[in-house]
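What follows is a group of structures, each given as structure tokens.
Consider the two complexes below, in which chain A is the common component and chain B and chain C are the respective partners.
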Partner chain A sequence: MSAYVVRRVISMILLLLLLTFVVFILFSLLPTDPARLTCGKSCTPEIIEANRHRLGLDLPVLQQYWEYLKGIFVGRVYAQDSPDPVVCSAPCLGYSFKRGEEVFILIKEGFPATFWLALGAFVMWLAAGISVGVYAALHRGKWQDKTVMGISLAGYSLPSFFLGLMAIFFIVIRLQLLPYPSYISPFENPTQFLQTMILPWIVLAILYAAFYMRLTRNQMLEVLGEDYIRTARAKGLPERIVIRKHALRAGLTPIVTAAGLDLAGLLGGAIITESIFSLPGIGSLAVNSVNDADLPLIVGITLVTATFIIVANLIVDLLYAVIDPRVRLA
Partner chain B sequence: MSTSVAPSALPVVPDEDEEITGRSLRQIVWSRLRRDKTAMVCLVILILLYLIAIFAPFITSMLGVDPYSFDGESISDSGGGPIGAWGGISSEHPLGVEWGTGRDILAQLLYGLRISLLIATTATILTTFLGTTLGIISGYAGGKTDAIIGRTMDLILAFPFLLIILALSGVLTQRLTQLGVPDGNPSRILYLIIVLSIFGWPYLARIVRGQVLSVREREFVEAAVAMGAGRPRILFKEILPNLWAPILVYATLTLPTYIGTEAALSFLGIGVLPPDTSFGGMLGNSVSYFSVVPSYLFIPGTVLVILVVTFNLVGDAVRDALDPRAGRV
Partner chain C sequence: MTDLSPAPRRAYIEVEDLSVQFPTEDGLVRAVDGVTFSIDKGQTIAIVGESGSGKSVTAQAIMGLVNARTADVTGHVWVDGQDIVGMTDDELRKMRGSTMAMIFQDPMSSLHPFYRIGAQLTEAVNVHNKVSKKEARDRAIEMLQKVGIPSPEKRIEDYPHQFSGGMRQRVMIAMALINSPSLLIADEPTTALDVTVQAQIMELILELQQEYNTAVVLITHDLGIVADAADQVAVMYGARVVESGVIDDIFYKPEMPYTLGLLASVPRLNQVRADRLDPIPGNPPSPIRLPSGCVFNPRCVYKDRVEGDLCATERPALLPTDLGHMVRCHMSKEDREAVATIALGTLGRETA
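Then we have the complex of A and B:
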């Protein structure tokens, strides 16, 4: 087991290095000149050249990559030889000259909104998805099952932006049940926080729950067909115990892994949901960074998001072995 | 060619059955699909939708509408809002008109359907091709090739693809134009097709690779190797026919996903440019107006949902027909 963990961690680190390299090269090879993007309309070639030097963009690409990697661990100082150097402390994911702020700090500021959105939706969709999925599996082939499957199909066929805009239209504009979403920290104003988050939570949860209902149902049906379930029933266990202790435990393991990966994906920002509900999270930050071509910020967000997914992959794989003793790691 | 006859008690599949299953698979699937009424209705709707998309210019001219011409009569002089209820629905404009220009919504929807189907269908074909080819190669070659393809897949799957597609759209569309693709919408459409496929193939390649790993150990492959068949023949004539079921299922369920993703990307503003339009683009425009004219939101949204639901229903039916285990459940 420990040898397996070590091997997985090493391969994860290699994948992360590869990822930073690919992202870095991808954006360095673009025909856009990052130095040109640092100043607005009143740009002169002199300013561009000065900025190029200040940002270290006059260095060879590989050396830039090295500086970038080094910056993540020990921080870095831009424009060392100019009168006003810019300090970017570790972990330095780059410096957004457009916004005059370290990329890491910008992402950190966006994280709470994204975190709360992901967490709330996660709890809702797991609760709804698993319970309804199990219910459908226990009523397989009957009308209950068919209704659930129909709802699930409708749920995952709904584009998130359409669902979100409909929610705003009906609940906020027409019925005026909730004020227009405006994010605030739960520690500052819990009521307004809940009023803002409830719609995005529901919208996001519906999309994921639709998928999880199906997944849970299929898993449960597969497990219920296993021999050990027949054995459990044959030895006279009450159906309640058979379902809870024998079927659920085995049936839910793959769902845990899927849920872990989905949660990690959401922690990197739900671009569409955040933009529709104007939540100041990483997803909105990503859209804004694209809109004003803020390259350092785009690279930073890409790296952070991808890191979440890669790390979650490892955690989920290890967790899988813990939950399901039948899985042997080699 | 008959090589082995299994004792009747043992469920051993003789080698030459491969070709027969390859042919009869289609018949089995078709006969199962035909019994599924929902699937047949949806299939007919889909064929109609494709026909509508292909003949959109013809249909719009028959209805007397067109997506490009401005109609100053149907919008108010002050503000440019549509005159009449539900976004200016009238006999002239069955689904209303656009804010500010008076362009016909129905005609825009028909042309939007064209673009959505064009992008989603082409991207699905390309994804299926890439995923199948790379999955087969990865699974059969093993070793270094497998490792390289595998790491590439890990890498692509870890990318936040919406963000990357958004971030690269400007420059890569330009690059396509430099390569000779006509400026504007052709290069934007081509860009979407390419990026959807690049971020989509690893999912299929994983499935195919797993299948190949088991199929390559079967006797008929060994026999082909022993008879001196070349690698392409083994890969595409011996192994590929055994993979059609998962590939077909994956492709039919990918198409609706791509319709949704394309709509989301257009919603975020990287789809086709006016005067052309797509569902996502129309919904994106509706954001500014839907509190006043809700039909801008509901009409394209509903059409989009119907489109995706129909494709999903057909996809589910195909999967049920191809996977006997799912059918028994």
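Then we have the complex of A and C:
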């Protein structure tokens, strides 16, 4: 088991290294010239070349990558030979000259809003998706099942920007049940935090819950046909224990996988939901960075998002071994 | 067609006119149609028949495992004077695993892969008895010992995938018998096992049956096992019992053409090499469209012996031909015996 973990962690680190390389090379192949982006319309070729040198963009690509990689671990200093060098401390994911701030700090500032949004929605969609999915499976083929699955299909098909705008229009503007969303840390003002987050949570959760309902339902239907469920009933166990302890436990495995990866994906920013509810998270940051052609920031966000997914993958695989004893020997 | 005057119940288990029907979009599936048999404690009845003959559904109906929402169950299953059919879910649940228990065909998939053997065994104890953790555990270890699992106090911590197929079936048997049930239903308990293990498992079941004085309903299509294990046999075909009786009646004095076909299709060691096995022509009927009249008539080679098309129009009743020997056939007793001699002439001689 522990050898397995060590092996997985090592391969994860290698994968992360490969990831930084691919992302970096990918963005350096873009036709956009990052040096050209450093100044506005009144740019002269001299200024562009000077900036190119300041940013280290005149170096060969591989050397640029090396500098970048080094920056992540030990930090780096841009424009070392100029009178006003820019210090980017470790972990340095680059420096946004547009915003005059280190990329890592920008992402760190956006993280709490994204984190709370993702976590709240995650809890909501899992609770709703699994319980309703089990309910539908137990009423397979009956009107309850059909109704629930119809609603789920609707929820799945509704785009979140539509749902989000409707929610704001009716609940916030028309009925004025909630104040206009304005993000604040839960530790500072819990009431305002909840008032702001409840709509984005619901909007985001509906989309995912619809998928989890289907997943849970299908999973439960499959498991309920298994021989060991018949064995559990033959033992004389009450039906609710057969469902909860025997069926759900076995059906949970793919749900854990999906949930882990979905949560990780959301930690990289829920672009649409964050934008609609003006949450200052990584998703909003990503949109803005693209609008401003803030290349270092885009690279940074891409890297962080991908890292979340890779780490989540590892965690999910390890959880698998906890859930399913047969995996332990593998 | 219901029998209005229930006879005084003598046998421990009496299955009386048991029918199970599943309404489906394609029509009514008659899985079990008027099955009747009885056995006492310590006795074994083998239910024999090919796939789809309704033997497994019969077993599940006796256990109350047929879902009342998807199936119509009618008739009676008297277990120690109590009728299983018509019991509430909760009454049934309390009987399952304590009064009656079941072991299944495939031990590889019948144990929950995520729970330790010990947890699965103690769960079976705890659901019916108020005992301490320690007592339940001791009971589980004792039971594993009994079914021949070496060092049970260690193996109890193992997961099912750490056991071989035969060992898993032993665990299933331990689980079924852990509350000393008086009825054990074994649904093809050896079919999925290696031939070398089959005999051991069968022997174990019979040994424990002796010890607990359990009535055993053995579902199988293996006539060899029937010959070794059963006291009585019910032959099922097309959802009905077509012949039943004590084992010697079925093996040495069979009268129903389907039983004859079944016996003739068994390979025999002293058979001449060149002889091919004698299969029954045709295919078993679909449970949605059972043939009218006698269910076996489309495949029966002796139906000419019955006048007119009685075989195709009228359903024969399961009638006694001898003491405790029931046959469902339109032929006269003389014809049935004559036919048996033709079909099994050699067999009769060699086994008698």
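As a working rule, the second predicted complex is superposed on the first by the 327 of 330 C-alpha atoms of A that agree within 3 Å, B and C clash if a C-alpha of one lies under 4 Å from a C-alpha of the other, contacts with A are read in each partner's own complex, and residues count from 1 in each chain.
In this text, a contact is a pair of C-beta atoms (placed from the backbone, for glycine too) under 8 Å apart; a residue touches a chain by one contact, two chains touch by 3 or more.
Predicted model only: the values in this text are computed from it and were never measured.
Trainee: Touching A:Ala250, do we find chain B (first), chain C (second), both, or neither?
Mentor: Second partner only.
Trainee: Is A:Val290 contacted by the first partner chain B, the second partner chain C, both or neither?
Mentor: So A:Val290 only meets chain B here.
Trainee: Touching A:Ile323, do we find chain B (first), chain C (second), both, or neither?
Mentor: second
Trainee: Contact-wise, after the overlay, does A:Leu57 reach chain B, chain C, both or neither (first, second, both, neither)?
Mentor: After superposition on chain A, A:Leu57 lies in contact with neither partner.
Trainee: Have a look at where A:Ile298 lands relative to chain B and chain C in the superposition and call it first, second, both or neither.
Mentor: first
Trainee: If you tally the residues of chain A touched by each partner, is the higher count for chain B or for chain C?
Mentor: B
Trainee: Give one of first, second, both or neither to describe whether A:Ile184 is in contact with chain B, with chain C, with both, or with none.
Mentor: A:Ile184: touches no partner chain.
Trainee: Considering only touches as defined above, state whether A:Cys43 meets chain B (first), chain C (second), both or neither.
Mentor: It touches nothing on chain B or chain C.
Trainee: Looking at the complex, which residues from chain A come into contact with chain C?
Mentor: Within the complex, chain A touches chain C at residues 226-228, 230-239, 241, 246, 249-250, 323-326.
Trainee: Taking the touch rule as given, give the residues of chain A at its contact with chain B in the complex, in rising order.
Mentor: Within the complex, chain A touches chain B at residues 15, 18-19, 22, 26-27, 30-32, 140, 153-154, 156-162, 165-166, 169, 173, 218, 221-222, 225, 265, 268-269, 271-272, 275, 286-287, 289-290, 293, 298, 301-302, 305-306, 309-310, 313.
Trainee: Which part of chain C faces chain A closely enough to touch in the complex?
Mentor: 63, 65, 89, 93-98, 101-102, 104, 106, 109-114, 123-124, 127-128, 159, 161, 172, 175-176
Trainee: Quick check: in the complex, which residue numbers of chain B touch chain A?
Mentor: Counting only chain B, the residues touching chain A are 151, 154-155, 157-160, 162-164, 166-168, 170-171, 174-175, 256, 260, 263-264, 267-268, 280, 283, 286-287, 290-291, 294, 297-298, 301, 304-305, 308-309, 312-313, 316, 326, 329.
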